[in-house]
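You will see two complexes here that share subunit A, one where it goes with subunit B and one where it goes with subunit C.
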Partner chain A sequence: MVEAGRSPNIEILTLTEVLEVEGGAGDFRVTIRKNPRYIDPDKCTACGECMKYCPRLAVDTYNANLNFTRAARIDFPQAVPTKYYINPEVCLRLNYETCQLCVNVCGPKAINFDQKPEIKTLEVGAIILATGFGSVPLKALEKFCYGKYSDVVHSIEMERLTCVSGPTEGEVIRPSDFRHPKKIAYIQCVGSRDLSCNQPYCSSVCCMYAVKQASVIKEHKPEVEITLFFMDIRTQGKGFDESFKNAVERYGFRIIRARPGKVDRVNGKLALNYVDEDGSVRREYFDLIVLSVGLSAPEDAEKLSKVFGIKLNEFRFAKTNYLSPIETSRPGIYVVGAFQGPKDIPESVIQGSGAAALASELLHEGRWTSTVIKKYSPEDIELMSGEPRIGVFVCHCGVNIAGVVDVKDVRDYVKNLPGVVLSEDVLFACSQDSLEQLKEKIKKYKLNRIVIASCSPRTHESLFQDTLREVGLNLAFIEMANIRDQCAWVHSDDPIKATEKAKDLVRMAVAKARKLTPLELQGVKVTPSALVIGGGVAGLLSAFSIAEQGFEVYLVEKEKELGGNLRRLKFLITGEDPQLFLKDLINKVKNHPKIKIYTEAVIENISGYVGNYTSTIRRGEASEIINHGVVVVATGGKEYRPSKYPLDGKNVITQLELEERLDKGAKRGVPKKIAMIQCAGSRGEELKYCSKVCCVQALKNALKIKELSPETEVYVLYMDMRAYGFYEKYYLEARKKGIHFIRFPEDKRPIIEIQNKKPVIKFWDILLQEELELKVDLCVLSVGIVAEDVREIVNMLKLPTTEDGFIMEAHIKLRPVETVTDGVFVVGLANGPQPLTEVLAQARAGAGKAAIPLAKEFIEVPPIVASVDEVKCIGCSICAEICPFSAIEMVKVEKRKKAQVIKAACKGCGICASHCPVFAIDVGGFTLDAILEQVRGFRKEDQEIKEEKKVSEI
Partner chain B sequence: MKKALKISILCCNYTNLSEREDLEKVLGVLEIKRFPCSGHIEITDILRAFREGASGVMVGGCEKGTCHNERGSERAEKRVLEAKKILEEIGIEKERLAIFYIPRLSAEDFVNNAKVFYELLLKLDLKEKGQ
Partner chain C sequence: MARYNYPPFHRVIRVMCSGRVDPLFIFEAFFNEADAVMVGGCKLGECKYSEGNFQALIMGEMVWSLMRLIGLNTERFKLEWVSTAEPVKLVEDMKAFMLRVRELGALGGIEGKTKKDLEFCLQSAISVCKNIQVRTAFGNIAKELKKMKDFSLETISKKVGEKLLPLLKSKLYEVEIKTLIQDGPKSLDFLVEKTGAKPEELSAILNKIMKT
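So, the complex of A and B:
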């Protein structure tokens, strides 16, 4: 959020409504109304005086209406822009012409009640809708006596209650008596999968977030007993099943598959009645009941549809096509996130990048025509070369740090350390106004070394580095002491010792800061072309998108033909023809002037680094060397063949084989009795994970069978029917059409035997609690997806994989298509099992991300790299051998072997420096000198510090 | 020690699923007999409860219009009126038998009704003793 706020090319218009959209793709005129904030954001310093004095209470909508705030307020300290605003609905001055207290207390005179709404017209090329989701109808909550009994809360309220910056500072208390509940129940599917309140779809995210919330509660109070009531457990995302299982095991949650009808209360105690899976009626008492609410379309979906001229689907979400999941019905307008359909963070982020790629395809001709390039002031050599003048800023991080560590004590302690000129405490060091103040303080006190005692440099160092550069300091002159993750969070039970440790950490950081040396920033030229590995649908679409954005693409496919797994899909659950789509896409790719296709080709070698990769492509006898800037890995996956089942291709087949049969042999007639077995080999049998697509695939084929031959009996044996999102519609339809769904427990999976050439399935019926036999004509296994074996490519690119063989993303939520290697992206089944529509979104996202370095032409290489002191180097080449990134080469300098670092490939891991027998290698920002000083800084007695201070004064 | 008042509750299975724990605040000995539907409660069931030593009998049915079997609770009402006549004949106050309509699965209403009924019975007993 802060990054977006700081980008000179993103203008954030808050409190703004879109009134009208005219024109077409590439040339929209958008009329907006900017509603008054009543506080001038240029003057506001976010000091909070207005809120302190504002006498008018207002319900805090940010905290799910759980507490009160003021009419003049900021929702949360990290808000972007970090500026206060006045809520016109409750403000006394705006409603009754009285008060005006805030005007008098505001130091910078930022408050202006004369502001009027502004109407403006913007000219834009593309529009991306990311309006998010709305709340579920109150009716769905009232069914569970929400509003009638105060101890029935919904999950969004719970989210605020468990949040440390929430109204209770993370204490989970129940609203009726403010006591800690001992027994908590979660009811799933509230406002989802519920026909009675017109919300028939599944919200996809609630199963996972309920377990997350329950885990957070358990972390706070381990003695709480938590019971979760599920219909189906739908944790279909990558790695979700495993996390779910781990959480249940670790925290001992009780999982009950039942849907309580209603909440009951007797003598102030809440009770739930439910029918168990074996059919017995049970009643249980709870202190607090949490309703896991689903995601609805935005409340003003109809208005959005009218203003933007887009169509909505039957559930009031933005209508998109299965094969173009990000495009709305109006060209040039894209939709991402929960307005397109209920989805989780990774998928929303993928769609976001995908929409950026689409916008970039549309507008690539105008690239760089209206962008602003951020310029930094030149480095202030005089300031930097002087004696170290250290400024220390100790961050409260709200209550994250200040709740445990005595921040003021740390601040005062630091003042006495040698070299420290200024020591201050700040509420949020990373908030935009704090950064502004940091700049001012640097100028005022002539600081040339900064120590921020706050959180992890992993997340925030680049932000502070950027701030330093803005005022002419070298980016290396920042040192962070992590007193949050490594102190306040882990020692929350012992504030006194935690404060001591915080002092130690800060003292060590100050010691290191004294020895910091400047780092050099360097740019690397980028070869503006991409290598796409894999000619399946993910690779094809990525290649097409990158080419459409104006860059050369080399597409490599090991097989004879393009298309991959999609060639085997004959129809889609939504009714589109996948073959037509594939043919069209292949044609577009083949005829694209910027795409060069290599079929029956393998990658022999890839070397280089972001911006400058060199690869050898072998095609039969011939091989070709190409240069490219980025790599998109779309190596795909394949159908898993489980060994435990008698798969014979005749009576026992897989869903894909069934699909081919249904497509070909509809005339031959469909067998009379068909059984499908879900999770055959998946979810803990042979494969650990859920393959996400098989439930929907089974529904698709089952419905097709019913369409071709309505009298055929279809049985689906399942563990959890994962018809998430709008797929729930088809699950409903299938049940209405008389397809039998039978659940089996995880530890009693069905067994197939062949008797008289016909499969007989023996399965455990939960309701009857006994084993049954089912004789069928055809048994279909819903098998999982495994990644293609791409060990060579993975090794060449140094990509980590999950234990299941899928390539790992850099961050599961925030960077879902990037890998840990810069300039390498992973899309499609190589990333994880997912249905076609998600593969398409991901392919676009990969293309969008890949285009960033290509479009920039130059990329800045992170300056923390190793450097070799040639005088000290003895040429032993230990470093070159152990470097995991092959970033060190041995060169001859005056007939002697010397190590040399390829700076653009170096990741700054420091392994070489730690192995160098003559200490010839230093890593930027972590020089031997500085580290030793930091170590010496540990456990200095207060006495010594004072003495040192005296010495330095003399 | 006074002998505790015994209340026999005859109710429909769907009316509620209250358990001992819900009813612990109600004084007296409570005995719950569940029927598939309140329409299935016969006059003899009511009289049998009195013979088995109940001081009062409570018949619980679903609110009108919410009965699974359409008119089960209406039937129960008819039988209760009929039983009251018999009670009068054999010399038991007719107030000792009552019918309650309880919203589906609302144990709170159920318990409250039981409390009120218990107090009523207590008064009747005191009156008897006074005489």
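So, the complex of A and C:
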């Protein structure tokens, strides 16, 4: 969020509505209405005085209406833009022409009640809809007496209650008497999988978030007993099953498979009635009931549909095709996140990157034509190389700092510190005129180190760095002392001690400033081409998208033919023809002038780093060396063949084998009685994990069987039917068509025996509580997916894998297609088991991410990086081995091994520096010298009154 | 926006990652009159730099080991893991820590050390933190645990106990003895008293010093 807020190429229009969209892909004209904020964001310093004095209470919608806020407010401290706003619906000035208190207390005079709505027209090439989800109908909640009994809350309310920055500071209390509940029940699928309120689909995320919330509650209050009521446990995401199991074990959650019916209140407790899996009716009491609410389409979906001219699906979400999951019905308009369908964070982020790729494909010819690139004056070497001449500016921040800290006292104290040439106090150090003055003072007093005693470097350092660069000073020559957030704000009860602390902090900052050394802003040249490893559908689509965005692609496939696993899929649950799609995609890739295909080829060697990789591709006897800037790993996966089952290819086969048979059609005749066994070998049997695709695959094939041969009896034996999202509708359809679903518990899996050449399945019937036998003509196993063995590639690229062999993403939620190695991306089954439509989104996302370095001629290396003093380095290679980003390599310099930092890959964490035996490696901005000097600055030189004090390093 | 007050007795030093914190920094802070030091970082498993805070756990173990050796109360050094979305936890952690430090009092008091004693042992600890052999052993543990993918506290304390502690001991005593005998020879009893080591631990070091 902060990054987007800082980019000069992203204009964030908050409080803005889209009124009309004209034109078409590549040339849209979008009319918007920008509603007034009543606070000028350029002037607002986020000091919070307006909110402090605003007399008008308002319900805090950000906190799920559990709390009060003010008419003048910010929703949460990290909001972007970090600026306050006035809610016109409740503001006294705007409604009754009274009050205006905020105008008087606002130091920077940012409040402006004369603002009017602005109508503007934007010219854009592509549109991405990321409107998020709406809330489920109240009807769904009222079924469980929400609104009638105050101790029935929904999960969004619970989310705020468990949040340490929420209305109760993380204390879970029940609304009726503010006591800590001892027994809590979670009811799943509220407003999901519920035909009665027209929400038949599964919301995909609730099983996982419920157990997360329950875990948070347990961490706060270990004595709470929590029971969760599930229909199915749908934790199908990568690593989710394991997390779920661990949480249940660790916190001792009680899991009940039932859908509770009635809620009533008896003696201050809530009673739940439900039918257990074995058919017995139970009644139990709880202190608090949490309804796990699902994700709905946005409330104004119809309006969005009208304004943007896009179609909605039957559930009012944006309509997309299974094979083009990010594209709406109108070309040039893409949809990502929950408006496309209920989904979790990783899926949403993947779609976001995928949409960026699509937009980049569409608009690549215009790349860099309207980009803002800031130019700076050259560095003043003479000024910078002289003895430190430090200028200190102590900020009042209106009354934010000056109201607590004696700013003038601090200013005078600083004057006598060694190296300080100038010490001044300013009203708002970050205001435009103060920045201009800063530049003048730098020139006038020949200042070459600046200390700003004000707020947090997190929000303001880049602003001051920019100002320094404008007058030819290196961006490193600023040090901030945070005397607002970490002093005035938090010690408002003790101004004397706060002033002392401010002096110490500034003295320590001045000490560090004396030792600041310049940071180098460098660019690493990029070879604008990509290596895509794997010619399955993920690799094909990634390659195609990168090429469409204007870059050369080398696509390497070890087999003779392109297409991978998709060649075996004969039909899709949504009805499209996957072979037609694949054929078309292969043709497009083969005929693309920017793609070079290598089949029957292997990667022999990859070396280099982001922007500059060199690889050797071997085909039989011949080998070729190529240079490329990025790598997309799409090495895929394959069907797992579980050893515990009598797979024989005849009477006991896998779903893929069944699909091939069904494709050959009814000619051969469909057997009369077929059983499918889910999780064969998965979820703790031979493979630990859930493969995500098998439940839907079983539904697809079962429905196909019913289509070809309605009289065939189909039995599906399952643990949890994971028909998540809109797949739920096929589950409903299958049930309607008379397909039998029989659940088995995890510890009593079905056993297959062959009697008289026919499979006999022995299984445990939960309802009858006894073992039954089922004789069938054909037994189909839903087997899992394993990753292809790509150890060599993984080692060459230094990629970590999960225990199960899938390549690990850099961050499971926020960076799902990136790896820890910069410039290397992972898509498709190599990343984790997932259905085709998700593979397609991920392949596009990988292409979108890969194109970021490719689009730039140079990659700017963030200046805070490590560097090695070659003279001191003893070549022990500790740093190279502990670097989390493989950013250090050992090279030979005059026959001696020396560490060398690959600046483009370094993230500046400094783990190397703290572990170097001889202090030969150091980190820009946080050098050993500078930090030690700052630590030494902690000691008071002038023997002031010694008192208890501490250093805290954060 | 909630701003939670907490006692004003600490001073903050910013680093990019808790993994940047060198054991040396901690002892420099004590030497420069800090009564206690806290290192804060992301929650374990949520490190922005993937494993910096795991590495900081090893650093912590080394610091505590060395504190024990020089006779400082180990409660004066603390690691605390807090997410950016948990201001309340941070404040609670800081309050609790400061309360405890207030009870412990100024550095040296509860430890029964004079100002001179303190300076002596902290200067020695700083030398140990700069020692190439000690740092190599520290780096090697970091390397090994990363390879094992095991940053559990048990493994860390086991490895530090096995591979670092003996070295910390011998280097510390060596540095201390060298300082103590700078202005002329001293009796073994005197050295034993000043270093807090056992006589047999010192004799080997003394022999080594004699040779050089």
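Going forward, the second predicted complex is superposed on the first by the 711 of 954 C-alpha atoms of A that agree within 3 Å, B and C clash if a C-alpha of one lies under 4 Å from a C-alpha of the other, contacts with A are read in each partner's own complex, and residues count from 1 in each chain.
Following the convention adopted for this analysis, contacts are C-beta pairs under 8 Å (C-beta built on N, C-alpha and C of every residue); 3 or more make two chains touch, one makes a residue touch a chain.
Predicted model only: the values in this text are computed from it and were never measured.
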Inset, instruction - In the overlay, answer first, second, both or neither for which of subunit B and subunit C A:911 touches. - result: second
Inset, instruction - For A:163, decide between first (touching subunit B), second (touching subunit C), both and neither. - result: second
Inset, instruction - Considering only the touch criterion stated at the top, classify A:482 as touching first (subunit B), second (subunit C), both, or neither. - result: second
Legend entry - Which superposed partner A:623 touches (first subunit B, second subunit C, both, neither): neither
Legend entry - Touching partner for A:262 - first (subunit B), second (subunit C), both, neither: first
Inset, instruction - Figure out whether A:14 sits in contact with subunit B (first) or subunit C (second), or with both, or with neither. - result: neither
Inset, instruction - Could you say whether A:198 touches subunit B, subunit C, both of them, or neither, answering first, second, both or neither? - result: neither
Inset, instruction - Give the label of whichever partner, subunit B or subunit C, reaches more residues of subunit A. - result: C
Legend entry - Overlapping contact positions on subunit A, where the subunit C interface meets the subunit B interface: none
Inset, instruction - Report the residues of subunit A in contact with subunit B in the complex, numbered from low to high. - result: 261-262, 264-267, 271, 273, 281, 283, 285
Legend entry - Residue numbers on subunit B that touch subunit A, as the complex places them: 16-19, 21-22, 24-25, 104-108, 111
Inset, instruction - Report the residues of subunit A in contact with subunit C in the complex, numbered from low to high. - result: 48, 51, 74, 76-78, 163-165, 169-170, 457, 482, 486-487, 489-494, 497-498, 500-501, 504-505, 508, 820, 864, 876, 878-879, 881-882, 884-885, 907-911, 913-919, 923, 925-926, 928, 931-932, 934-936, 938-940, 946-954
Inset, instruction - Using the touch rule from the top, collect the residues of subunit C that touch subunit A in their complex. - result: 1-25, 28-29, 32-41, 48-52, 55, 59, 84-89, 91, 94, 97-98, 101-102, 105-106, 130, 132-133, 135-136, 138-140, 142-143, 146-147
